[in-house]
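Structures are listed in the sections that come next.
Here chain A shows up in two complexes: once beside chain B, once beside chain C.
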Partner chain A sequence: MTVETREARQPIILLTPALSTIGLLLIVPLGFVVVYSFWLRTATGADQVGFFLDNWVESLTDPFYRDILLNTIKIALITTVVCALAGYPTAYFIARSNGNRLVLLLLLMLPFWISYIIRTMSWINILGVSGAFNWALMSVGLTSEPIQMLYNEATVILGLVHFLLPFMILNVYVSLEGIDRTLEDAACSLGANRWRAFLEVTLPLSLPGLAAGGLLCFVLGAGTYITPLVLGGPTDAMFANLVFEAIITQLNWPLGSALSLMLLVVLGAVVMVYNRYLGMTQLMKGLQ
Partner chain B sequence: MGWFLVRGWAFLVYLFMFLPVAVVVLLSFNASQFGSFPMTGVSLRWFAELFSNEAILRAFRTSFILGLCTAMISTVLGVLASMALVRYKVPGRAVISMLLIAPILIPEVVLAVALLLFLNFLSLNKSFGMLLMGHVVFTLPFVVLVVQARLVAIKREYEEAALSLGANPVQTFFQITLPLMAPAIFAGMLFAFTISFDDITGTLFWKPGGVETVPTQIFAMLRNSISPEINALGTVMILLTVGLPLLGAAIARRMAGKINT
Partner chain C sequence: MGTVTLENVSKRFGGFTAVHPTSLHIPEGSFLTLLGPSGCGKTTTLRMIAGLLDPSDGEIFIKGKSVNNLPIYKRNLGIVFQNYALFPHKTIFENIAFGLKYRGVSKQETARRVRDVLDLVQLPHVADRYPKALSGGQQQRIALARAIVIEPDVLLLDEPLSALDANLREDMRVELKRIQHQIGITTVFVTHDQSEALAMSDEIVVMSAGRIEQQGQPEAVYNTPATEFVARFLGASNVLPATTQVMAAEDIQVETNHFGRLVLPRKRAPQIEGEGRSQLIVRAEKVHVEPAGQTMDGAISVPGRIEAVDYQGQAVRYFVRVGDTQLQALNMIKEHPFEEGAEVSVNVRGWDCTLLPEAAA
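Up next is the complex of A and B:
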């Protein structure tokens, strides 16, 4: 064996375990889900193998599923916008701070590392009937009876924002950090005021980071089912809840397959559009 | 003026991020028998109850073993793949990278459904093994990203020097490359462990009946009511998930320091 062929074979050997894991446990199963979505769950509970369009017809035409899909997109969009509005100034503050930026970033990472389920349920301690907020309201005499503030769409969005905000801030921070600060000074010396220099120089240059953060917030937000279960009411189901219901509760796996593929196609389309115009590099930077 | 507003805004955002966490920690020391305000005193009784709760201890053990196995497997896979991508000219590199990070881009629910249905089709029932496979798949991309970022910084000259001084490739790997890579490997393992330990989305699909991890145990307990015990568990989890990475960072820095000196 020559040195060249060995050099060429080594990366293949190194990559094989990881790629075959992804292939066998992700790509092949996804292909299988496509096949499964055309099978049929019969009344006896057995799966009938074949090519039936029933699951797809049901998923695509039933207004119940359509409404929940639209509602999911709406909730994810609102969450993304709130994250952008709350996160951008914060990222700007960290990037431009004279203080210890590392400490500020680490502080932000702390809640990021804290268990998602704990962070989600912690809102019950704050907004619940016997939570901190109601206790404070009653203490100052604003209300005599506790108000139920939980279990609605707003608290679902609140929980999602708390979960996703660090993703947004980190991505915006990474792109702000990469901008040459003298550019803004140059704009100012040419007669722009600080605000205009920000709007016309810094903001456009940081848009890739904002887009990467937005993509993560949207995709992760739209794919969740735990937050609506913990913080939402009975009518606040999101699309992933339907998948969970079909697969785990009703055991209707063919229908669950069709529903999860629908979710994959919708969110995949968003990722593809992002990839087409902005590429994946920025996203990778933010994730590291 | 503008800067003042930005600072105030950032302060509010930090407050928003920390307030819920602070309330959990605070309430876990509440002496009252309801997990709510007003606090009637400071007590450790909920921690005592927590550590005598058999179900929670079992969940802890499950999560810990699962996290450890996941971390080891996905770090081995991830480190090998990262070495190939960083060290060699690989044809089809963009596609390979895309495949390796695919589990981040695909919604976890879909990933969970796919694995569950496929393994079931192969007559493999829900089991610890299925949980482990699932956790390896969705932690792998994070390991690849973290390890790659660190590997880029290791110069190849060190290995070439060892080889030119007469070490064989195996010696070079174990005496030069591996110690240099140790911080990257460690960071990857820690990342994988933490993500696995925290996961609930996929875990609820894959876990066999009767087996609970810490997050699914908390989730099950939430269905009843929010007892101070959950807050105590939350405090322990916060200490663990915050303490581990900090500890890890400290160890990694020491290891890196030793190599540099």
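Up next is the complex of A and C:
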């Protein structure tokens, strides 16, 4: 083998482990899901192998699925906006604080050490009928009967914000960290007060971080089924709950596959739009 | 345009005093340089004038008015930062127009003034570009343009040339001085580069460890350093122990170990009040190295031996041993520089030297 051919092959050799991991763990299972979505579940409960469009026709035309998809997008959007509004000032505070930044970032990471499901369930102990909040209200005499605060859309959003806020904060923090602080000084020296300097310089320069955080919140929020399952009421199902329902409860793998591919395409489209305008590099920065 | 006055201004960070009580007056239209080694408090002083730092004590006046309680955005100053601090998301036009927006300048007027200032810094064609698309020297000019387009009362420059390479730095030095002269703006310039300070300033303030060591015109600071620190910081100097012997009306006689008896004009020894121990400062370029045995008019000649040679092209720096001391000599090269180990004659003229009282320490 000549040196040239060896050099030409080197990238392929080096990429092999990564490519085979992606192939085995991502592409192959996804291929199975695609194939499954064209099978058909018969009345007997067995899957009929073949090429049937029934699952796709049902998924795409039934207004029930469409409404839940729209509701999922709405909830994910509200969650993203709340995360942005709450996360930006927090990230700004951390980025601008002197000295104790590491401690603050560590505190931010702390919740990740507890299972997401347990964190979600913790709201039952806080807002539930016999939870801490009701207990407090009753002990100060504001109410005699416990109030049912859980199992509605608001608590689903609350749970999602609880889950996703650190992602937003980290992304915004990373972009704020990268902004030269003398830029604000320069703006002030030219006549802008601190608030104007923030609006004109820091905010626009941190928008990539905000967008990256927003994308993560939206995609993770729209794809979750645990939060609505634990904190939502019967009418608060999100799209991933339908997939869960179809596959786990009804054992209808073909329909579940079609539904999950639908969600994948919608979220994939959002990521594509983001990548088209802002690029993936910012997202990578936030994840490191 | 305006004057700047500092009255006993000091700055402490926790227990550390970065700037000791300092008083300073910068007259209308003059170019004053804060010169000193790293960490001596130049930037801190400048940031206090700018309003980016609050003084711990003392009062700052701009145009005769106290600005201690005036926030930076109301001080009407032009600041050029060391890293330029151009807004990366705005075009050059938007960068320069930024300050005009806050001064209620109309659209046409803004366009005209941006065009004029771009002509002034000789970059008329870059208005639509982003800062990233400019070279370091060009960004430097834009930063200057952005600072002066608002017609500030005072221009503050913090090591604006230090990020440029050597040739460009010298060009920009001339350029900056030309622009400053043309608009006649009061300027405070911070640098640790003595040649920059000497070339550009009307007045130099030499700082060390948060205190002013000396203030004066470039020539005065260079020729009559007030302290050993100043003598050593502005170019290489030889410091020799001496004894003042006779004080006459015009002259002072000193006795040195190395050069015997030297006669200095009195104006070269403003701090000497009587006879006694003192320090003789001889600048490296005033130590003349000649072939052995040769003497110079009006100079004391002593034999020496070259210990090291630092060739610099048109000049050469010798490290030459005279008695128990190694002296530095910076000479123009006439034909060939002397070789290491050569026996030479070392010449010093009394009127080229400066006399300081012996250091307090």
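By definition in this document, the second predicted complex is superposed on the first by the 271 of 288 C-alpha atoms of A that agree within 3 Å, B and C clash if a C-alpha of one lies under 4 Å from a C-alpha of the other, contacts with A are read in each partner's own complex, and residues count from 1 in each chain.
Convention: a residue touches a chain if its C-beta (ideal position, glycine included) is under 8 Å from a C-beta of that chain, and two chains touch if they have at least 3 such contacts.
Everything numeric here is computed off the predicted structure, so don't read it as measured data.
Q: Judging by the criteria at the top, classify the pair chain B and chain C on chain A as clash or fit.
A: They fit: once the shared chain is superposed, the two partners occupy separate space.
Q: If we overlay the two complexes on their shared chain A, which of chain B and chain C does A:Val219 touch? Say first, second, both or neither.
A: first
Q: Taking the C-alpha centre of chain A as the vertex, compute the angle to the C-alpha centres of chain B and chain C, in steps of 10 degrees.
A: 80
Q: Looking at chain A, does chain B or chain C touch a larger number of its residues?
A: Higher number of touched chain A residues: B.
Q: Which holds for A:Gln48: it touches chain B only (first), chain C only (second), both, or neither?
A: Neither: A:Gln48 stays clear of chain B and chain C.
Q: Quick one: is A:Thr143 in contact with chain B, with chain C, with both, or with neither? Answer first, second, both or neither.
A: It touches nothing on chain B or chain C.
Q: Look at A:Val201 in the shared chain and tell me whether it touches chain B only, chain C only, both, or neither; answer first, second, both or neither.
A: second
Q: With the superposition applied, I'd like the minimum CA-CA separation between chain B and chain C in Å.
A: 14
Q: Under the definition above, what is the set of chain A residues touching chain C in their complex?
A: Per the stated touch rule, the residues are 180, 182-183, 185-193, 196-197, 200-201, 204-205.
Q: Which stretch or stretches of chain C touch chain A in the complex?
A: 50, 52, 71-79, 81, 83, 85-89, 98-99, 101-103, 146-147, 150
Q: State the interface residues of chain B toward chain A in the complex, per the touch definition above.
A: Those in contact with chain A are residues 2-3, 5-7, 9-10, 13-14, 16-21, 23-24, 27, 34-38, 76-78, 80-81, 83-85, 87-88, 90, 96, 98-111, 113-119, 121, 133-134, 136-137, 140, 142, 144-146, 149, 194, 197-198, 200-201, 204-205, 214-215, 218-219, 222, 226, 230-231, 234, 237-238, 241-242, 245.
Q: Which of the residues in chain A end up touching chain B in this complex?
A: Touching chain B: residues 7, 10-12, 14-15, 17-19, 21-23, 25-30, 32-33, 36, 86-87, 89-90, 92-94, 96, 107-111, 113-119, 121-126, 128, 130-132, 135, 162, 165-166, 169, 194-195, 219, 222-226, 229-230, 240, 243-244, 247-248, 253, 256-257, 260-261, 263-264, 267-268, 271, 280, 284, 287-288 of chain A.
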